[in-house]
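The structures considered in this document are given below.
In what follows, chain A forms one complex with chain B and a second complex with chain C.
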Partner chain A sequence: MNTTDAINRNASKGTDDVRGKTIFFFGIVGMLFLGWIIFPFFIYAPVAQPVQFSHSTHAGDNVGLKCVDCHSYDKDGRFLGIPGTSKCAGCHSHTIGVSDEEKKFVDEYILRHKEIRWVVYSSQPENVYFSHATHVKVGKLDCETCHFGHEFTDKLRPARFSRISGYSIDVSGSTLLDIPSTPSTGMRMDDCAGCHNKRGHKESCIDCHK
Partner chain B sequence: MANGISRRDWMKLVGGSAIGFMLTPIPWKILDESAKWTQSPSFPYGRQREIQIHSNERISFSHTTCTLCPMACGVRVRCASERGRGSLEAVGITGTKGHPISDGSLCALGVAAIFLRYHPSRLHRPVKIIGHGKFVPVSLDEAISDIARAISRSSCESVAVLDNQPDRAISHIYRKFVGELKNGFYINPPTCDGVPTRLTDQTLHTGDLAFGYDVNDARMIVSFGTPILDGWGTQRQFASISEARRCGGDKKLKLIQVETAHSRTAQIADEWIPVRPGTESAFALGMANVMVRERLCNIDRLRMYSADFDNAAGDSFMKLIEKYPPAYVSEKTGIPADKLVEVTREVARRKPAIVMFGGNPGSGPFRLDEQLAFMGLNILLGSIGTKGGLKPRGKLPSPYYGLHGSDDSNHLASMKQLSDIPDGSIGVLIMDGADSGCAIPWETVERKLSPAGHTIVSLAPYLAGNAVHADYILPSPAYLETADDVPTPSSATVASYSVVSPIFSAPKFSVRPNGFINSLAEALNIRRSSRSDFSGMEYILKKRVEKLHSMAKGNVFNAETGRSERLSGLSLPQFLERLKKGGCWIDDGPAELPPIRYSFLGGTHLPRNNVPVQGEGNNGPRELVLLPLGTRGVLTAAQSNPIMSKLYQESGLRMSANTVSVNPSTGRAAGLKDGGKARVRTENGTAYVMVRFDKSVMPGIIQASVVPLTKSPDRAEPKIEDSVIDICKIDSDSTWRITNAMIEPA
Partner chain C sequence: MTNGNQVKSLTGKKHNFGMVIDVDRCTGCGACMIACAVENNVPPGPVDATDRTGITLMRVYKADNGMDFPDNESVFFPVSCQQCEHHPPCVSVCPQNAVEVDPATGIVGQIPVRCLGCRYCMAACPYHARYFNWWDPVWPEGMERSLNPDVSLRMRGVVEKCNFCFHRLQAAREKAAAEGRDEIKEGEYIPACVESCPTSAMTFGDLLDEGSEVYRLAQSNGSFRILERLGTGPKIYYFSEREWVRNIAEKDPASALKRGATTD
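Up next, the complex of A and B:
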């Protein structure tokens, strides 16, 4: 009897050990799932663009526009950014395609002479300046160097802003855990400095901080 | 319990989750994002995103005038504020476009000047220094009481105010205060920018009429050691000179740099004349010799308008320059005689020509007798009062003129130079907090202090620079926090005036200089009728603006519109408003030159038989000449900002503090290694330096960089070693250009 009890106790203990380890392991795995899979959706709030624009349609073979046809430079060299709706109206004074987005765009903006309040993906703090003109004209960078693949997109992805700091994921970088801090895919100071250093523009604080 | 969830199971789940939690980005990302949030100007009331996007009403711009050096550049400060609370943070500084002095340009110091408010050595309350770098807080009343006692005690010694940026409204308050004292001195340090008024008075007899360099219209500039292309004047002047050098045809400007050191200006000048150390004036007299001998100047006219140009009796300029024929000058300066003649002919042919002689901010101004030689050359060239030469500028009204219905400016103390003050005579020294832009070796000040005991008061916002020698530091508001005015830069040919309004609030316990003077006057029982004049900077500034307005001439630049208007078309409130918002008054043109007579020898009949040629008294092969070099505005730790640290400490673009350049042959002869450490010894002390071999440095020269020390200006750190500027030999006239030195491996 005593022997049987001992065996049962040992078996029960063995089972408890396995179960305890499983629970412990489950805690780790559950938290890893929460942290790496769920948390990124929680920390960043998506904000959709007011109009869905297809770069692939405009830059593709059918239309064949180049980047600078719309994102042009002023006479004094300034980058004009996203064109105003008056420029779009050159072709879209009325609906010329079949998509719902174009119809919405023409009805709500072109016909009403209204500008689109695009959500900015890359707003920097107020003490930081970024000049497209400098990078393209002086630095001789192609648009694709930074915006690679942009011309093949059919939709504008939503901007994702941190619920805490308010910075866009395009600024802070999509890498969630960046220890030690290394240049990644964002627009943080390390990212700018990394590219500048690689291209021989070291110690260039006032290039960005004005 | 076997089938249920036990407490132990929960504990294991929590333990596993805790470990898993630390392996996720959750804590680190939240920490990172929270840190960014706290850096937002709106923290803790809002979120950064609100500042970033569609936040126009939260970003504002304020225009003002830079006070970091006397150049008076217009600045536009970009401020972020949090809605509805009014607290501002500066997030950027740029130049004011169209500003008549700077036209949108700023120097590297000005661009990052917002950081000066957060300088690591900044003091936020009055302190009493009790040892090297050690201090205790003190109340303002206690400090004033101690200082007043020291002034009362110093009946034999004098009380002096050292003002680094003269002719401001506060300068007039200092002069008024010192003028009320029995033994008061108002002192200005040497400047390297303009033409010393004392020199023009001695040579042209023009009294206190100030002259500037008309570099914009010159076709030839002969610069004796002035860093014209490296920090002299404004960035706009630099651009204008560079443009004039590039253009073709008649207007092309040629720059000849006469200087021992291979400075940045020497590197990019059209021609560098590397004279031996201390022989610049000999070269100038050699040029004068050639001009007179070859009749390249109007000798008859000079004879008519000058008593000491050529006379039968006594000393004359002709007799002096006879002793400097090209062969003799060549022997002294090391420049071939042919070259001297060639340069002189070209300078005389290529008019308008101007001779500039401010000297380097690190090595200080030339001696008066040397300056007379350069001025003589300007007179020979016919550059006085002419286009492209030295032009007189109008005088700004004193705020005390007619303040009480009479000319109170008569009671102002006269302006003195450090060299005018007898050694060991100052019992109480009050040092203003502004920066002159040029180096002031402490020994030039220290030798004037009474050996029987003295009290030094600094009004600097930082425990840095010469403020570390003070007994009391009463920190004045820092850059962008103070009400001030900016008079005409000393190198300008046209008078100008700007008012500086505070953009940010100063710390609670900071001390406004006019308030300090007012309290001190009260403690000293200085006559009550004048006491009110020491207070109320706004009032004093307004009185000065009123006087300027009554002159009804010149233009007023409106910083907000970028346009200029005639002063005569503006009412006084409008004029004041324009100035308060970063505007600038600028005169119609240079002042009218009164009939003048030239005194080549300065009316003092200086013993000019031989202009001293320094650096010749070397006792052995190891004794060399120490040449300190610096850039205006960044000579003390007080004005260092992150860009300065990048330039001087991290990038190697500029030589960092206590770094010397020597010719490889000189270095090897002294047993030095490139990149090695060395000791530089002079009769004043020893400095430990880093050595750099540079073929462009003249053999026998130790070219030293005068910049803030690389180490942190840590207030608790005692001073353990001298910098190069501390070991320079100070001459009796408070100059320190040339010092014999020895260098050896450390």
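Up next, the complex of A and C:
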């Protein structure tokens, strides 16, 4: 009699154990899902680009532009970033393709001599200094080293800005367990420092912070 | 940066930037103070700002020889961060590692965003060359459009100081890089105060370059440094042919200069 009771008790304890562990496991998974997937989804507000642009069309075989054909340097070495519409107008003074976006771009911006207010993915905080010229010309890095995959994109994804800090997700931690969420290297301070350390450049704070 | 720790800068070449100020030529006009404030986005202080609470990264102090009229002589000392090369007091006291000596240039760099505002460095600095932001920056209407984009603004509650216009070095390096040069040329990088000096009393350059003017002046007979006996190795040298001027820096600390008092 006593033995049966004990067996029953042990059996039910075993079931409780399994159930407890299962609940714990799914609890953890649920929290991680919430924290890593759902929470960032809410905390970053997507902002769509005013005009769509296909890098793969422009850099592809048909057109064959190189990065520096549009993204060039000023005469004092400053990187000029996204080109103005006057540069686009060099080819697109009138519609030359078939896409609706191009027609919209030509009609609304080029013909009206208006600049596009691009949403910038990579705007760093104000106190960060970065020089493209130093990295590309002295450091001999290719554009693809940091912007890998950008030339193959067909669409401009919406930029995502933190609702709290206002910074883009591309500069403030979209990486998970040091696995970059995009194929390119990230643009966080750890990413800069990681690459510098790997190449043996030991710098001081003011080299990148102003 | 004498006992070179083995640090590789981008190009491997080391500098030790310094300055020589010929106080015999300084007229005390204050152009360097203005140039510095404009270059570094220092806002005009509120009306109730005092000598102690206003921000003057570069400041001209007056001293005289204490004599009466016919024999009275005065001298002006432009004082900014002295860029100490040997155990800078501000570096060793900072709990935040917000200030450090850049091994490649010898410049003592301060990162205001990292500063927590304890002001320990201000107490430690024998030159009173550090300033605390008691207010958030406010510019008169329209003036904010003339801000320097290369220098970030400092918020209320952090300490700042001169960093030899490091952003100008960055710009010079960037220009050199764009032209395919690894190194900047002499004279491509000078701080705003040196550029603005109407009597050319300030000379700026690399103290490691033995062919440079700044090296020659720093090694010359009349050169001296403020509070040299503390052993912090300031990289701002002063120059005067008058002995009593040299003695001010020897026997009377910067606090006398700070008060603008007669020294003897």
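Keep this in mind: the second predicted complex is superposed on the first by the 161 of 210 C-alpha atoms of A that agree within 3 Å, B and C clash if a C-alpha of one lies under 4 Å from a C-alpha of the other, contacts with A are read in each partner's own complex, and residues count from 1 in each chain.
Just so we're on the same page, contacts are C-beta pairs under 8 Å (C-beta built on N, C-alpha and C of every residue); 3 or more make two chains touch, one makes a residue touch a chain.
Remember, it's a predicted structure, so these values are computed and weren't measured experimentally.
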Touching partner for A:C67 - first (chain B), second (chain C), both, neither: neither
Partner chain(s) touched by A:D16 [first = chain B, second = chain C, both, neither]: first
Touching partner for A:F24 - first (chain B), second (chain C), both, neither: first
Which of chain B and chain C A:L34 touches, first, second, both or neither: first
First (chain B), second (chain C), both or neither touched by A:A133: second
Chain A residues touched - chain C or chain B, whichever exceeds: B
Touching partner for A:S165 - first (chain B), second (chain C), both, neither: first
Which superposed partner A:C205 touches (first chain B, second chain C, both, neither): both
Chain C-contacting residues of chain A that also contact chain B: 126-127, 129, 202-203, 205-206, 209-210
Chain B residues within the chain A interface of the complex: 2, 8-9, 12-21, 23-26, 28-30, 32-34, 36-37, 39-41, 47-54, 59, 78, 80, 91-94, 108, 111-112, 642-643, 646-647, 650-651, 653
Residues of chain A touching chain C in the complex: 73, 75-78, 126-127, 129, 131, 133-134, 137-139, 200-207, 209-210
Residue ranges of chain C in contact with chain A within the complex: 7-11, 98, 100-104, 107, 109-114, 150-153, 163, 166-167, 170-171, 173-180, 182
For the chain A and chain B complex, residues of the former touching the latter: 12, 15-16, 19-21, 23-32, 34-36, 39-40, 43, 117, 119-120, 123-127, 129, 161-162, 164-167, 172, 176-177, 179, 202-203, 205-206, 209-210
